[in-house]
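There are two complexes below, and they share chain A, which is joined by chain B in the first and by chain C in the second.
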Partner chain A sequence: MTVVEIGEPQNELTQRQRWSHYFVLLYALVAVVIGINLRDAALNASAVYTNVEAGIRAQYPQRWLIDTDGDYIFRVRDMTRIGFKTTIQVATRPIARNTTVRNLVDSLTLDRSQTLAAYGVINTEPFMLPNEVEATAMTYTYVQSELNPYLQSLPTVIEGLDILTVEGDQAIIITFLSEVSQYEQTLPIFERFLGTLEF
Partner chain B sequence: MNKRSPFLNVFSVRWNFSVGLVVLLVLVTLGTAAEPVHSQAALDLDRIQRATVFVMQARSVDDDLIITCIGSGTLVSRDGLLLTNAHNTVPNANCPGDVLIIGLTVFPGEPPIPRFRAEVIQADPGLDLALLRITRQVDGRLLPVGSLGLPFVELGNSDEVPLDETLTIAGYPGIGDDPVTLVTETVRGFTAEPSGGSKSWIKTGGSILGTMSGGGAYDQAGRLIGIPTTAPITRASPEAACLPLQDTNSDGLIDTTDSCVPIGGVINVLRPSNFARPLLRAATLGLDLAIVTPTRAPARAAAPPSFSRLFFASSERDGMPLDVVQRMPTGTTSVYLFFDYDNMTPETVYELRVTVDGIPRDVFGLSPVRWSGGTSGLWHIGGSADQPVWPNGTYIFTLFIDGISAAAPIVLLIGGGQDPSPQFSDILFGNNIDANGNLTGNGLVVGTGGIVYAKFLARSMTNGLRWTAVWYFQGAEVFRTPPETVWTDGVAETKVISVENPGGLLPGVYRLELYIEDRLSATSDFTVAGAQLSSATRIFSDLHFTTAASDAEARTAPPISSYSSGVETIYAVFDWEQIAPGTPWTMRWTVDGESFYQQTMPWGAAESGENFLVRLTSPGGISDGTYTVELLMAGRRFDAIVAAPIGIGQLPIDRFAEAGGIPLSGQILDAQSRSGIAGVTFVLVSEDFNASEFTEQWDQEQVYALAVTDRSGRFQLDRPLQPGAPYSVVIIAEGYLPIAADGIVVAADDDPVELEVYLTRG
Partner chain C sequence: MRTSGSSFITPPEEEVIYPYHRVWPSLALQAGGWFVITVGTYAAINFVGFVPPASLNTSITLGLLALPLFLWLIFALGAEQRVPEPRRRLLAVLIVSALVANAVGLPLIDGVFQPNRWLSLASAVDRIVGYTFTVGIVQEFLKYLVVRYIVWPDYFRTRVDAVAYGIAGAIGYATVINFQFVLTNAVPLDAAALYIFDTLTANLAGSIIVSYGFAEVRFGNPTAFLLTITIALAALVNGALIPLRAGLVNADFFFNLDVFSLQVSAPSPLLGLGLSAAAAVGVVVVVAFLYANAERRAREAQATREV
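So, the complex of A and B:
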């Protein structure tokens, strides 16, 4: 008995074709990696802020608006963000020799409760700065409302994080503010900032 | 109406990202400019209306705020300084509130909306001016410093306002339920008072409602040149106008048993804005001045305020009448009503009503206003500068205090020719008289000595005419010429008389009255104070600036001629001699020639002494500038120094002080959905930089103004654009392609610019 197999002829890939496929996949992978790297480089690009007088140096996200004309050493804001502009700020305030971080927390609470609506401290806990300086982290929330009386905006809930540390006769207050819904997403930016902060 | 936008010729757009992408989108629909209510190049009515605020004084009662007084006000700085009246803001018997609520016109054509709270930071109760600063949100929360960017107006020079100038008056005509209203008025004259000179008041018609008091009057260039002012008379007066607004007694009804809000009558005078300049200057520099040396007002028996000895004069000099008249000729433009006052306070409200041939004429009177003089003395209301002609007729002048007639009406006849009656006039005083018959001294203040000479003019006198001279000291008669005294100098045009006390004339305020046939013909007050030198009077001496750690040390600290920047306290120190208690004196402080403090007050220290101490402070450091102190008596300067530069010796430039320019606002929309995008950042880059430079550095110092859109995509820059300056614009929002543009220029005659910008998702 003769068995006849009927079917399409098999097109075996040549070795060259196989390698071509491998290379295409490899190129695509490399392109994705490069793209991711480029994106990360763009998103994580930083600018350097140096203040010799205050003895502070830090890298902050590039294209954030820097402002040194307030009651802080410097402040940077992400002006591209819709709604509340995510903010990082470094400020100092003079303290007495026997002032503790607890006193500082109370003082900030008193001050902010005069100006910020629904201000409340969520928690305070010890915090170790990347440069091995001991600090205290204070998390809080408040409601931000439009100050321009001619514009109408809904109030926004803001979550803030203060890193408080005492350096000689002054307290250093490193602040991160973000809309509460974006807080977890944007916190890594602040953590990178802390990693570069020198004082 | 569409108009050519300054944004049409813009786009040299550069946007550099580190990844090398150049992404830009130019999809801007431009060109619709907001139409002001009435389009005028110089008179920006939209800005005036937005800068006009509604002021409510309220009293805290348990958890409620009871409105006690209302009025209007005007924003005069972007950070929330506002100018208004003192009578409805500074707590007093009529307005006892402790909270000031500020309402703004948020939507044109609609009533004001309470947005903020304010505090009084400078006030002059007599001039009825107060400068408030917005410090809190309406719920009581403090505003962060520098967080406000409100529309405001600049003060003009009210001395330059001519007769018949057309003015625009802005204010709230109701009790908070009406929109801001603009009224056109004409300058009908000027009213003189001793406290403010020949232009103490600008007279207008009577079409301004009392609740518009505290608002603004603007010239054709849109500058604030006056504050419509009337003070509600005391609630006890039968003429008091008062409206109950709230159920203050909690009986479930709002009726006459509830506390009411005084609303005043109609306004026919404006307080010139130049009177507010010292308050504004002191407020913007944060200056606080205090007299450290203990002073005490002379004790007086409690008595109601009163007016007496009313008479008319055709002219005045340094607050003293040059003559006394009963009638005046046709074509008269200069009329002064003089009278004595006693027991007056800055809270006393006085008023002048005038009838002409029996018909009330507001234009010749003065609506109820606060008292701006001292406790007692000689006062006048009138005017000669830029006055219209007074028509012929019989004028009856009646003075009122708190709505009640305060003295018998006095009649003045105007018409016919010059009065030919014998007349004395132009009294001057001095300690000495030279060989030519000239007095030495300054005419109204003479040093303590044994004798005082008075020189006066005589007209149409004939020998044998009986005349009398009566001398007073501190209100009590001390000498009178014998009753049989008759004129023996023939047609002489001047005469000199004197009063003498061998033991020396006591320091204080004196008065001379001259009568012809029992008719008062001339009168003048003069002050005896200080030591009489050969040709001058020394009252104040050794005036100098100094610095010290405490008030006590400042009295003996050496003089200092300059200060370094940042000094928080400086002192002025001087000696004085022979000043009777209660004698009016004036202290004026200026910085770079601009007054920030001027106060006339009764002398309250010892008669003579050393190291009178005045302290000037500013908690954040006194601003750089050249500071000057002047000491005056009866309008004469007796000592002054111009030698206290601080820092660079001149005031720093306030880059936000310019109110002029073209306002820019608009809306940013999604190009696809055509709905507004909230939270978009609109950056106007300063003329010194372009968009590319800004997007490389992202530095706030390069920003001229910045705005973020609200929930409907609307934005509004808090600084107006300056004509001719080339700005750049950067618009950014996450999820949308950014826009950048250079070379944006507005012209001086542009209307407010309203933009409509479409962003494309990307």
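So, the complex of A and C:
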């Protein structure tokens, strides 16, 4: 009986074998950096929205879906999110000359408490926009349920942030809405958006 | 000397016993098993109308998840015990690959790269490049590290040892991905079967490509870039399979004579299954050819030296 033994134990690596593994490590490092750069470029890429009539210009995340058909100037949503779509919305509302931001906050609270489930204001505080315009930030939550009663799903808690400011005879309401569990993670996107907003 | 028979027989010639477990037939049995069970599950639910009782759903899903491991234990690890020179660290490679997938691979892909957030709506080319440099490279590099530091080069005695350890790593890694996906999402049984098969074949194809690099670096004298090239190629195969499969599953291959009517395109999961199977078979055939070629060249070189 003959036993075929092909390989032999190898104690020391050759120079070429060592370099083979060094190149793999180098390639993996470069590939991971490329992957992170691709991700950052995709997630932070922005598109410009300009509305001459409303006098607004902003850069919104490129991969978000823009919509200008509602009772707002424009709204962008992250359609890749499962469940509630993270939303940034800019709306204006005509106001009387003596209307204050406080009146606006109360008006929004009244409106929303009648239309949104479990609506509640968490906090209201002064806010300075990047273009040095004084504003008020209002943080709130509400619950959104699936409209189709046959779809079995749990209600979603939404956290919102309104930046309210008065410009001439109109109030500008900049809104950020996100699922409460993702709020902190997605807030930097809104902050970048605010940094580019001009009106 | 008296004999009980009517005639003498020629004594057997000296037998040449191959002392190692043969890898390619074992792989064919395992892959055949995965394919039959996947197609059987899909056909039973979609063509026969079999609806599993709700109480058995979890058990059947767990059975599907454990099937690749079970087949590997029978046709690879079990078979190794019956040969004179078994490969000793197969189980270690499988377990460490699974642990690495769970501890590093999944958190890195889901938490850092998050490809579903930025690649799901990208163009086909962007998706291939994106998945190659995220999911593909992470998977292949981690499996490379496991084989490199557990068995290479000391436990490599023949070229196909690289394939055996590569398969073990692929099954360990893919099993963790499958468990994580199927148990954290409410996936129907037929979709779970297809997902498990897709993940297994993609990992297998990648590992077999990299195994060729390992084997050549150990036994041959290739360029120092060969191993890197195999890892890059394996990552590309993994990265390309994800969008191509999704594209095929959602493509409309329905030929409609009434071109003016609107038709809703139903997903075609069998096309995705076909692509996964074809990719795995294609990779195995090409790499097996390269192995055979390398063995032949090694034999010829040895014969030349002896002359």
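We adopt the following convention: the second predicted complex is superposed on the first by the 161 of 199 C-alpha atoms of A that agree within 3 Å, B and C clash if a C-alpha of one lies under 4 Å from a C-alpha of the other, contacts with A are read in each partner's own complex, and residues count from 1 in each chain.
Here is the rule we use: a contact is a pair of C-beta atoms (placed from the backbone, for glycine too) under 8 Å apart; a residue touches a chain by one contact, two chains touch by 3 or more.
Keep in mind that what you see is a predicted model, and the values were worked out from it rather than measured.
Legend: residue contacts after superposition of the two complexes on their common chain; A:Leu151 is shown touching chain B, with no touch to chain C. In the overlay built on the shared chain, the residue A:Thr115 is in contact with chain B alone; chain C does not reach it. Applying the stated contact rule after C-alpha superposition, one finds that A:Leu38 touches each of chain B and chain C. Contacts of A:Asp71 after superposition: chain B is touched, whereas chain C is not reached. Within the superposed three-chain model, A:Arg63 lies in touch with chain B and with chain C [touch as defined at top]. Looking at the shared chain after the overlay, A:Thr80 reaches both chain B and chain C. Shared-chain residue A:Ser20: touches chain C; no touch with chain B.
By the document's definition of touching, of the two partners only chain C reaches A:Ala28; chain B does not. When the two complexes are laid over each other on chain A, chain A has residues 38-39, 42, 63, 79-80 in contact with both chain B and chain C. Within the complex, the chain A residues that touch chain B are 38-39, 41-42, 45, 47, 62-71, 79-85, 114-117, 146-154. For chain B in complex with chain A, the residues that touch the partner chain are 17-19, 50, 104, 106, 113, 115-116, 139, 141-150, 677-681, 683, 695, 698-701, 703, 708-712, 714-716, 718, 732-735, 738. Those residues of chain A whose C-beta lies close enough to touch chain C in the complex are 1-7, 9-10, 13, 16-17, 19-21, 23-24, 26-28, 31-32, 34-36, 38-39, 42-43, 63, 79-80. Across the complex, chain C meets chain A through its residues 14-19, 84-85, 112-122, 126, 129-130, 133-134, 137-138, 141, 144, 148, 153-154, 156-158, 161, 213, 217-219, 221-222, 224-228, 231-232, 235.
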